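First subunit A sits with subunit B, and in the next complex the same chain sits with subunit C.
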Partner chain A sequence: MMSGPLLLLGGIGLLAGIVFGRRRPRLWLVATVIGNASLIVAAALVLSGPDDWQWRNGFPIGGELLHFRLDGLSGLFLLLLGIVGAAGAIYAREYWSDEHHAESAPRGRAWWSAMILSMTTVLLSSNGLHFLIAWEVFAVSSFFLITLDRANREVRAAGWLYLACSHVGTLCLFGFFATLAARTGGWELGPMREQAGLAPLLWLALPGFALKAGLFPVHIWLPSAHANAPSHVSALMSGVAIKLGIYGLLRFSGWLPVPAALGPVVISVGAVTALLGIAFAFAQDDVKRLLAYCSVENVGIIFVGIGGGLLGMAHADAPWGRVLLAGALLHVWNHGLFKALLFLCAGSVLHATGTREMTRLGGLWRTMPWTASLFALGSVAISALPPLNGFVGEWLVYLGLFDASTSHGPAAWAAMPATLMLATAGALALATFLKAGAVIFLGVPRTRAAGHAHEGGRLMRGPMLALAALCVGTGLAPVLLWPAINRAVGVWNSSWVAGAPPAPLLTLGLVNLTLLAAFAAGSVWLWRKAHANGFRRGLTWDCGYAAPTPRMQYTGGSFAGIVTGWFAEILRPERVQQRPRGPFPSSARRIQRAPETVLERVIAPAAAGVLRVSSAARRLQHGRVQFYILYLTGGLTALAIIVWWGGIQ
Partner chain B sequence: MSPLVNIIVGLAMGLNLLALGSSRLPSVIRAMAVQGVLLGMLPLVIETDFDWMVMLVAVVTMAVKGVLIPTLLRRAMRAANIEREMEPFIGFVPSLLLGAAGTIAAIAGARALPLLTEHADTLLVPGALASVFTGFILLVGRAKAISQVCGYLILENGIYLFGMLLIHSTPLLVESGILLDLTVGVFVIGIIMDRIQRAFDSLDTRKLTALRE
Partner chain C sequence: MTSILEFILRLAVWLLLAPALPGIINKVKAWVAGRQGPPMGQLYYDLARLWKKSVVMSTLASPAFIIGPAVAWIAVLVAAMFLPLGPVGGAPGFHGDVLLFIYLLAVARFCTTWAAMETGSAFEGMGSAREVSYAVLSEAALMTAVLSLGVQSGSVTLNEMLATSAGAGAVLLAAGLFTVLLAENSRVPFDDPNTHLELTMIHEAMVLDHSGPPLAVILHGASMKLMLFAVLLAEAVLPLGNMQPLMATFALIGAVLAVTIGVGLVESLLARFAFRRAPLLLTTAFLFCVFALLIAWKGGAA
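Right after this comes the complex of A and B.
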């Protein structure tokens, strides 16, 4: 089988990327792209063929023999990793170039290859110890990528927060893998569904992987890390890195026995995450924070799908479980593509204008038509509108949820509320991206920087176009991707291996094609008609103002105001307001900010309390030898009393 | 054996109080040295059969505690040019009172302990407890490093007294090992004191708080 040599080639390419990254940018690009391409081909081979790829070696690392495995599940994630990894590498050549970032660009290239290599190792490892090592390298390399622009204080803060959160998750995973190894007698991983005693271990794995995936309320690291990282890094983080958390949960819920309560828990946490994630996203003014919160929402959708799969498995392998799991996997793939695309578009805007704040942008579609149209395409996809790929994945999730809701079992109680919350989240997602697209690209420029924007070069546009093409392709022909999804579903639960796609998938592809054809025909007709009548350029909505200025536009905050009000209990928006007073007001202002509530209202006060207690305890360590001896005496006396007391009893 | 033993231990307990009450460092050192010599004599008194090993250990103990260590300390004292403990954490009268209270408590408390009958009527256990307590008071309550070394040695004397209880079952070799440790410890402390003195121009351990990290 060809996968082995291809994976070896991929590894060599990425290693060469790490070596050449600092000094030889062109060689780095070639090596990294070749490496990623071989990963893509290897994954595609495994996904299309019937067999898994396995490789064992007598060479021990850390006392454990190497064992790599590429099956349907890891193959799907590896495919996504290869695509986003290659696209981001090409994009970074122009976006984070040596001319503009002389100090950080070489580091960024080396860490990029390192991060992809470590993520590949995570996906391939079939040994708990090596999984943990690769997981740690992956976390550290993404920390260094997030903090590429480390001169900036905010970036450093985001990096530390990420590192801390990531290690809390890793701690859970340490517990998980160590207990697993102790129970099974070895670090070797593999299917072990029959050992029913292992089921409670998944409760340890869930928080560890959920932290990486960014599930509410442990998503706190995600917005600042995604916003402050360079955009190609955000694309990789949001598109693939957080998916590794999902991969972990899928991997181990597929191999280990599943506790009965896991399905309902995952599905409800997922639904809450989806709703709150998009509510937070809607309130944001920073475009990359908005996209980051939107990732939280999408992770929620994926978790609803996974939870549904778990629920279905617990209900005698109900067919709706299969549909839900397939929907989740499809959404993993889709979200990886369109979220990477959207982050690259946001990076393009940032590159052109130097700001992420939407209230300083506006009217960019004139100067950046490519970015504007690709952002629009990504928005359509992420809002799950037909005919693009987002619709396909979410539609499967909805289908499964409907079937589960009408199944008249206890599953309906979990599925029904999830359906409602998901539907609300979907509507808000559309509104969010309407806001983002409209405020950034429509209207007139709000600042001078936005007025002087320019389109990025070919190296930036190419990867965006490729990702967009994949989004369109998946939307129009989801049937082509079905074998891969089916492989992954079959790996997760072998009784769902039945090959035929759910019939609607084929119909859906046809409907999408028809829709696209109708859309194209309509556009051509409109274009023709417009040309026949001639153009006249004017203001979009004049509204009868005598002298309109760029300030007389809807801002992102005003657009989101009402919905932010609905969720005010959780969002807790902060307002500074000075109303205009008198007939000739000299000044008035209104500043609104949407804080990261969980971090700033829950975690930060708790951490401050811990810090206070520990600094009080630090006073005990004052450096006076005499008192240290007193402590010793006191401790000894207390011990003696305890022993004496014990003797009396 | 009891009367002689009790007299020796009683004298040692008195020396404890002397060490607690005096502000001049030479008298503290002298009290400690005399206590060491007295306790060194104990094995000879307790052990009725003549044993050259016991003899040897007793002589070495007396030599080290009575001569070697005090000489070292006096030299360090002269080098550091200090005669008095000026600012103790616990004043001399309070520490004397504390020591007296501790001695009384040790005598009272020893009655409550489940001791062998042959030990019950000696002052060995109360003396040991009182010495350990005195050592702690000196360690906690004094600021000068030399006083603390003295406290440490008195503490060790208390432990040595406890060892006397087991003289029939523990080989004196163990005690001689402890003695060796002690001597090395005093050497090291002497060297450290010298360094501290040179670096900070003082032997006041309160000024060492900057080293806590």
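Right after this comes the complex of A and C.
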């Protein structure tokens, strides 16, 4: 097998990246790209072949022997990691260049390689202790990447919030792995479905992995972290890092026995996450926050698929469970591609205009045609519209849900509500991305900064184009990716491994291809016809108004107004409004904000309460020795009384 | 050979007959109001006239302003081709094509609204915002309706789902789908196709800046979408698959006519709702479909 040497090469490349990152940017880029490329090839080899790759070594770290394993499931995630990692590295050379960020760019390069290396180790580790160590390094390196621009107060706040939430998750995982090790007698991980007593442990793993994945309501860290991180970091975090939470859940629900209630719980939490995530996204004005909330939605969709897979396994390995799990895995891959693409596009806009607020942008398609077209393509993909890849993944998820509903089993009671919520979320996703694309790129520039935008250079466009090409390719030929998906499905549940695609993927690919051809032909035909008939440009016909100003355009806030009203109970939009007064109004303003409700209304008050209690308790600790002796005496007396009482009994 | 012939026939039906439906609706409205009204073929004349006209495009608009209507038109046409048309047959279909059908309508919506936003006009912004917001409810209702058909027939292929009747929940399903038809095609009480230049409209507001062939394509696409929903409603409710081919054809034509006349009557007898009430009506439609789904579930399990 070639996978071992390739993974070694990948590790060496990334290590070299960490070393060279500070001083030698070119060497860093070469080393990181080579490292990522070897990861891609290694993962592709494992995914296309029948065998897993395993490697044990007698050299102990932390008292445990090294055990690495690359199978279908981790291979799929590793493939995605390699692609987004390489694309982001190339993009960062121009986006976060030494000229503009002299202080933070060298740090950023080293941490970038470190983060990819730690994520790779998480994916490869087959030992609980090493998994935890790699998980922690991964969390810390992403903290340093989020806070690259640490002079900014908001960035620091986002970083701390991320670190705190991440550690709450790690705490759960620590409990999970420690209990698992205590029950099985070792940190070694692997398939252990037959030990039925381990099933409740997954309830401990679920919150830990859900926190990393950004499931509602523990998504609170995600919007601010993804919005404030540099865009290539957001792409890696949204595209791959949150997927490691999904990987964790899949890994251990595939290895451990599954409690019966896990499937329905995962599917319902996923459906609620999808709906609320996209409702929050629609209300945002900051384009990167919008994308971040949309990641919450997509994680919800993936969880619906995973929950369906769990449910299907519980229903005597029903075929629809396989479809749902395959849909979830395909959506992991798809979302990694188009969300990375969209974040890179948002980064280009930020790079060119210096703002993430959509109300300050507009009309950028003229100055940034590449970014505009690629953002539009990403929007179509993420809104799950045919013929692109987003549709194929969501189609599988829907198909599984429909099959589960029509099978008339008890699973339908989970599948039917999930279908309806996904349908609503799907329509909202379309609205969200229409709003984002239209407000940023169409119409007239709303500010001078937007008017003077410029297209990113080749190093920024190249990775975006590559990601876009993968989106189109997956949409047109999903059947090419099927072996990889099937391999991962087979690792998760071996009784689903055999057989052809359960759904007509080949037909769907052909239909998508035909659709694309028809769309292109129709567009060319209408374009030619319009030009043949005579074609001229005129002012936008604003119902006869001859002097339109940029401020008269519809803004993102007004676009989302109707739906924000429907969800007002949950979104709690905040408005500051000062109406124009008098015959000569001097000032008027209106500021609208969609806050992170769970954080600001639930977590922050609760945290304030905890702080109050702990500061009250702190009064006990004041440094006076006499009182400490009193505490000791009191404690000892209390213990003595308890012991004496026990003796009488 | 026959399949190619059927394909061409179906294409012809959708392309040529669709513009007649708005004419019928206008005739009904004129009849109720005691007017003569425009001739039935008015839309055909309009389309022919627009097709020859030159195009004025906003200075702000990108090429997507013209690509949008073209893609939307093709998406609606392809979606329509998936529907079986009695003896002319339907597309071969595949497992799960019904979801492609729904998402093709979403493609059309995305492209129309994107093209509308190209102009930077507040009117177009308003129309697009309303279109995508109401679509949230109507798509949920449509998905529920389709799911109830799936549960009723035990299939996820459009041909088989529409061949049987909707069972005991047919009335509820018909009410729900009819409301969705009104909302999706911007008819009264959601929108008034007669008004122009008002702040209260949806579809017309989105196409204010289009002219010439692109506008013709938009209008033709809108009429196809109306026919698509009428055919879907008819086939969802009637068990056309169990009838004799000739009977089925007449039943389908009759049902589509009945739906069209129904739209005309609603338009004559009802006023457009205040925008705040439109979501309530759509939610009612959604609930109708949910009850139809529950009935289908109950019936199928028995």
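In this section, the second predicted complex is superposed on the first by the 598 of 649 C-alpha atoms of A that agree within 3 Å, B and C clash if a C-alpha of one lies under 4 Å from a C-alpha of the other, contacts with A are read in each partner's own complex, and residues count from 1 in each chain.
The definition used in the following text is that contacts are C-beta pairs under 8 Å (C-beta built on N, C-alpha and C of every residue); 3 or more make two chains touch, one makes a residue touch a chain.
Here the structure is a predicted model, which is why all the values come from computation and not from measurement.
Participant: Tell me the contact category for A:412 with respect to subunit B and subunit C: first, second, both or neither.
Facilitator: A:412: touches subunit C, not subunit B.
Participant: For A:68, decide between first (touching subunit B), second (touching subunit C), both and neither.
Facilitator: neither
Participant: When the two structures are overlaid on chain A, which partner does A:548 contact: first (subunit B), second (subunit C), both, or neither?
Facilitator: A:548: touches subunit C, not subunit B.
Participant: Could you look at A:376 and tell me whether it touches subunit B, subunit C, both or neither (first, second, both, neither)?
Facilitator: Second partner only.
Participant: For the overlaid complexes, name the partner, subunit B or subunit C, with more touching residues on subunit A.
Facilitator: Ranking subunit B and subunit C by residues of subunit A touched puts C first.
Participant: Go through subunit A and flag every residue that touches subunit B in one model and subunit C in the other.
Facilitator: Common to the two interfaces on subunit A: nothing.
Participant: Name, in rising order, each residue of subunit A that touches subunit B in their complex.
Facilitator: 621-627, 629-630, 633
Participant: Given the complex with subunit A, which residues does subunit B contribute to the contact?
Facilitator: My answer: residues 89, 136, 139-143, 148, 205-206, 208-212.
Participant: What residues of subunit A sit close enough to touch subunit C in their complex?
Facilitator: Those residues of subunit A that touch subunit C are 362-363, 365-366, 372, 376, 380, 383-386, 391, 395, 398-399, 402-403, 405-406, 408, 412, 416, 419-420, 423-424, 426-428, 430-431, 434-435, 437-438, 442-444, 503-504, 507-508, 511, 515, 518-519, 522-523, 525-527, 529-531, 533-543, 548, 550, 552-554, 558-563, 566.
Participant: Which of the residues in subunit C end up touching subunit A in this complex?
Facilitator: 51-60, 62-64, 66-67, 69-71, 73-75, 78, 94-96, 98-100, 103-104, 106-107, 109-110, 113-114, 117-126, 128-130, 132-133, 135-137, 139-140, 142-144, 147, 150-151, 154-156, 197, 208-209, 212-214, 217, 279, 290, 293, 297, 300-301
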